[in-house]
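As written, the chains take the letters A, B, C, D and E, and residue 1 is the first residue of each chain.
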Amino acid sequence: MTAAPALLELRNLACERDERYLFAQLNANFYAGQVVQILGPNGSGKTTLLRILAGVSKDFYGDIFWQSQPLKDTAWEYANDLLYLGHLPGIKKSLTPFENLRWYAAVQGGVADADLIKALAQVQLAGYENTPCYRLSAGQLRRVALARLAFSRAKVWVLDEPFTALDKSGVAELEAKLIAHAAAGGLVLVTSHQDINVPNLQLLNLLDFPVDAQLLNSHEDAAYG
Amino acid sequence: MNWQWLHRLGSPRWFYEKTNAWLPWLMVCAWGLLLVGGIWGLGFAPEDAKQRNSYRILYIHAPVAFISMSCYYIMAISGAVGLIWKMKLPFMVMKAAAPIGLGLTIVVLATGSIWGKPTWGTWWEWDARLTSYLILSFLYLGVIALQQAFQNRDTADKASAILALVGTVNIPIIYKSVDWWYTLHQPATLKIVGKSTIDPSMLYPLFVMIVGFYVFFTLVLILHTRTEILRRESRSQWVKDLVLGKSNTKGEGAES
Amino acid sequence: MANLSSFASSLFWATFKRDLILAFRHKGDMVNPLVFFLIAITMIPLALGPEKAVLMRIAPGIIWVMALLATLLSLDSLFRSDFDDGSLEQLLIAPYPLALSVFAKILVHWLATGLPLTLMAPLLGVMLSLPANAFAALCYSLLLGTAAMSLIGAVGAALTVSLRKGGVLISLIVMPLYIPILIFGASAVQTAALGEAYNMQLAVLGAGLAIALLLAPLAAAGALRVSVNA
Amino acid sequence: MANLSSFASSLFWATFKRDLILAFRHKGDMVNPLVFFLIAITMIPLALGPEKAVLMRIAPGIIWVMALLATLLSLDSLFRSDFDDGSLEQLLIAPYPLALSVFAKILVHWLATGLPLTLMAPLLGVMLSLPANAFAALCYSLLLGTAAMSLIGAVGAALTVSLRKGGVLISLIVMPLYIPILIFGASAVQTAALGEAYNMQLAVLGAGLAIALLLAPLAAAGALRVSVNA
Amino acid sequence: MTAAPALLELRNLACERDERYLFAQLNANFYAGQVVQILGPNGSGKTTLLRILAGVSKDFYGDIFWQSQPLKDTAWEYANDLLYLGHLPGIKKSLTPFENLRWYAAVQGGVADADLIKALAQVQLAGYENTPCYRLSAGQLRRVALARLAFSRAKVWVLDEPFTALDKSGVAELEAKLIAHAAAGGLVLVTSHQDINVPNLQLLNLLDFPVDAQLLNSHEDAAYG
């Protein structure tokens, strides 16, 4: 473990869906400079965990700390430092790649148009800047979404299966980006069923946090007591 | 610490166990009042000069009309409490109240039209009062439909609470505008209320019926809420004990 | 975080511009409520017969009802596509007041449906033999009324956005809320047709619009947070 | 290929049963066109004023127009969800006459919207003070008319299914085709209200339904092949 | 090359999208017993080719032969022998996995309910038969779609990125199924950006069929001549 305080801390996180616990007593610290792959078989709750960490879902027990402060108190700062890329790419099919990126640039505030063009070139979409996105293939569409990484200033990247639909060279480029982000002091949380080729990759297996009968009762009591 | 009592109030289990004791009393009160009022009103109150016996439907019609309105506010307020203090019980009350309210407005509309046939000679009349009740029933329908449309229970609760609240803002507006619409378009050729120079001998049974229906409504609301509690908490230990017939629930209730 | 206000205005404008581009690119979406309005009104004489006296009498009410239905029909698309492609999630977690970006979307919705409806209404008034002195009232009342309807409708659209087929559920939720607008709007035109003053009705519509402007974006933002969370 | 007919009937029934389950599971979808019908009719007196003579005069036409609009609103969902999740492609490439499986879907659509609309219409007739002798005509004409509208509407739904937001475009395509149905349907009720015979109108509606039964499933199947291919 | 005639023959296939040829002069023979992986970077036209082979898209030049007969003449027989699984899983989210499969059973004709239950168990969804599909994770949803393979009687399987969202064990199970199908005399056409672990895997790289200026002119002539 590093000496610096954890960027993101999960304490006793537990999550219930359909009257069944996906994981429980999940304790973990994530530090600047790490790339963490979240593992688990289909249906183990990876997507659910990432949506919680991104602040999209609020349906969980336990606490999350951002730079040692409860997330509730630092929601704004956290939102400023977060980039979330879910299962859905968040790309408007009627707009061009450039127009899509321009909106994302506004979400994060102030990025020059030239940087957007550069970002598209980095994901091999030079020449497609002004093609409407409904004309792109599955992999090209994902590349548009991934172009956001190039101009993001967020410290934490939360990526749900970003390698889906990417070809070999696309995978290698994305891996390089993750490495660079970690080296620059960022944190990457990523799920994937493929092996990720990143030195010093941290693994978090959701199967390590099974449900314990005692804990269930304590939640029931907290809820009904 | 100050909020302790509130959270106690918010505990479904506390509610379930407390109301256990109330139920018989409410039941006795409701049936007693309704019987007395019903027999008095239907059997002993004098016949109306103009409407003959058909006016007696008033003893159901008017009390239910009053309650179906208060029911909306109960629903909206419990929704608001649930949203603000993030408690579970109020949402259950809200969910239980919506279909009851819809049922009540339907009873008002039905008894009203049955009454309308002999008095006005038509089943339906676009009177301001009737119209606003029709709209009220739509508001209920909306809340129920939204509640049922969501798969996720929390989302369903919060979404329908928001809708109920938005509806509350609108209810006075709706009433005002419908009233205004009616007076603008038509000089009142018939009036439902207003000529309330009603004979006291007709009025006393009406009061009894109104109180009786309120108690009855409380009873039904509690029963629905209890069913909802059991449905939602079916996994928790105390419900399992309850269903399996363990008799120690009372002791535990006192501890917690 | 340095200059919050300029940053703040930028997502508002970006969303506004993006949605405007989208509205123009899907020209169909902009034209369709208009066409619906047009055809629905055309069907009235076909169903009722062409008696002028009857048409004249019902014109103000029918035009208003159909404008309301056209607005209702267009509501479903307000947040749906953003939800389907994931950009609504991004809006939700952005470090930016959600109510403001929602307001930008509502504004575009009104520019793309309510405003053209208002501009087209006089044409349909002619088709239903609306008396000449009611045209101004028709335009003014629709201008205020459609804006209020876009705002209120956004709350319904936000509540139903995550339901797979919210389309008609919106009608159920939103219509009771539209009824006061309908009553005052139709009455303004009716009163004008009789040659009387209709200031009062317009004032009420204006007040309704003001309240909706204050509350609706907040309520819609809250509704989005709730319904997307699932 | 051995016993083609039993195999053939099986996909028809499977699709029929599946869609019926879906209709019941999304109870909202089945109830919503009804609620739309109910609320739209309620708005008419609110917009026109409660004068009985006026309402009576326009009741047949207005009820028919609103039934038509309710059907229109429900059309979009006919093929949309099958398209979105890819099962429409599977239906298309199945070794089975597409027109038959499309017919199963139309049948369910009518059972879930047209039939309930017809059953509810008398209630709305009461609300609009429809003359007592017009109720039978209202039910018969709607029974035939809604079936024909489901069939014809399916063609429009098939043509627009691959467009991202076909919702209102369907109206544009389908409404002109609905106009003859509307004219004869409304006229049947109007004639009955005047106490005259309305057999002719019903006969025309029946003939229209027969033609639609023959042609619409084939046309819708063809339209699906064209519009999904893109 | 085998002595037996090819099951599926592509002759001079060419496909144009957006006034740009994706591939041209594509000639290939596919034989019973083969597993063919279609390769190509993002946007090279794999999905487009599979949709053509499945009969969903008819927008192409060239000829396809099924068991040495032109596809036009044998469309019905071909449809009987084809199972296509596209990018979209074709699963109704409001239905349960069992109800979904029952419909697919009818599409293909006569499968016993017990076989459907078995098929679900094979994809590790035992216990989820009656859970509505909207409650399933991305990978579980794909497994429902893949359960069709277990009771299919089709000779040709056309699968577009079937490994998406599957976890490691899911990938291994699917590979085993592909091998078994080929061994039983079937043909599998599959796209994937991951390596597929199947002995005797055939590769078809779309980049091997680039566009040739002369050809373009001949198509223009055919189209406008």
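As a working rule, a contact is a pair of C-beta atoms (placed from the backbone, for glycine too) under 8 Å apart; a residue touches a chain by one contact, two chains touch by 3 or more.
These numbers were taken from a predicted model, which means no experiment stands behind them.
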On a CA-centroid basis, which chain has its centre farthest from chain E's?
B
Any chance you could check whether B-D or A-C wins on number of contacting C-beta pairs?
A-C
On a C-alpha centroid basis, what's the spacing between chain C and chain E, in Å?
46
Nearest whole angstrom, what separates the Cα centre of chain D from the Cα centre of chain E?
37
Starting from the mean Cα coordinates of chain A and chain E, work out the distance between those two points in Å.
31
Sites on chain C at which at least two other chains make contact:
26, 81, 163-164, 169, 172, 175-176, 179, 183, 229
Name the residues of chain B that each touch 2 or more other chains.
135, 138, 141, 145, 149, 151-152, 154, 178, 181, 184
Which positions in chain E touch two or more other chains at once?
87, 93-94, 135
Which of the residues in chain C end up touching chain D in this complex?
26, 28-29, 32-33, 35-36, 39-40, 43-44, 46-49, 54, 57-58, 60-62, 64-65, 68-69, 73-74, 76-77, 81, 163-165, 167-169, 171-172, 175-176, 179, 182-183, 186, 190
Inside the complex, what are the residues of chain C that reach chain B?
155, 159-160, 162-163, 166, 169, 172-173, 175-177, 179-180, 183-184, 187, 208, 215, 219, 222-223, 226-227, 229-230
Which bits of chain A are touching chain C when the two form their complex?
54-59, 76, 79-80, 82, 84, 86-95, 99, 102-107, 109-110
Where on chain D is chain E touching in the complex?
1, 7, 10-11, 13-15, 18, 21-22, 25-26, 81, 84-87, 89-96, 228-229
Can you check the complex and tell me which residues of chain B touch chain D?
122-127, 131, 134-135, 138, 141, 145, 148-149, 178, 181-182, 184-186
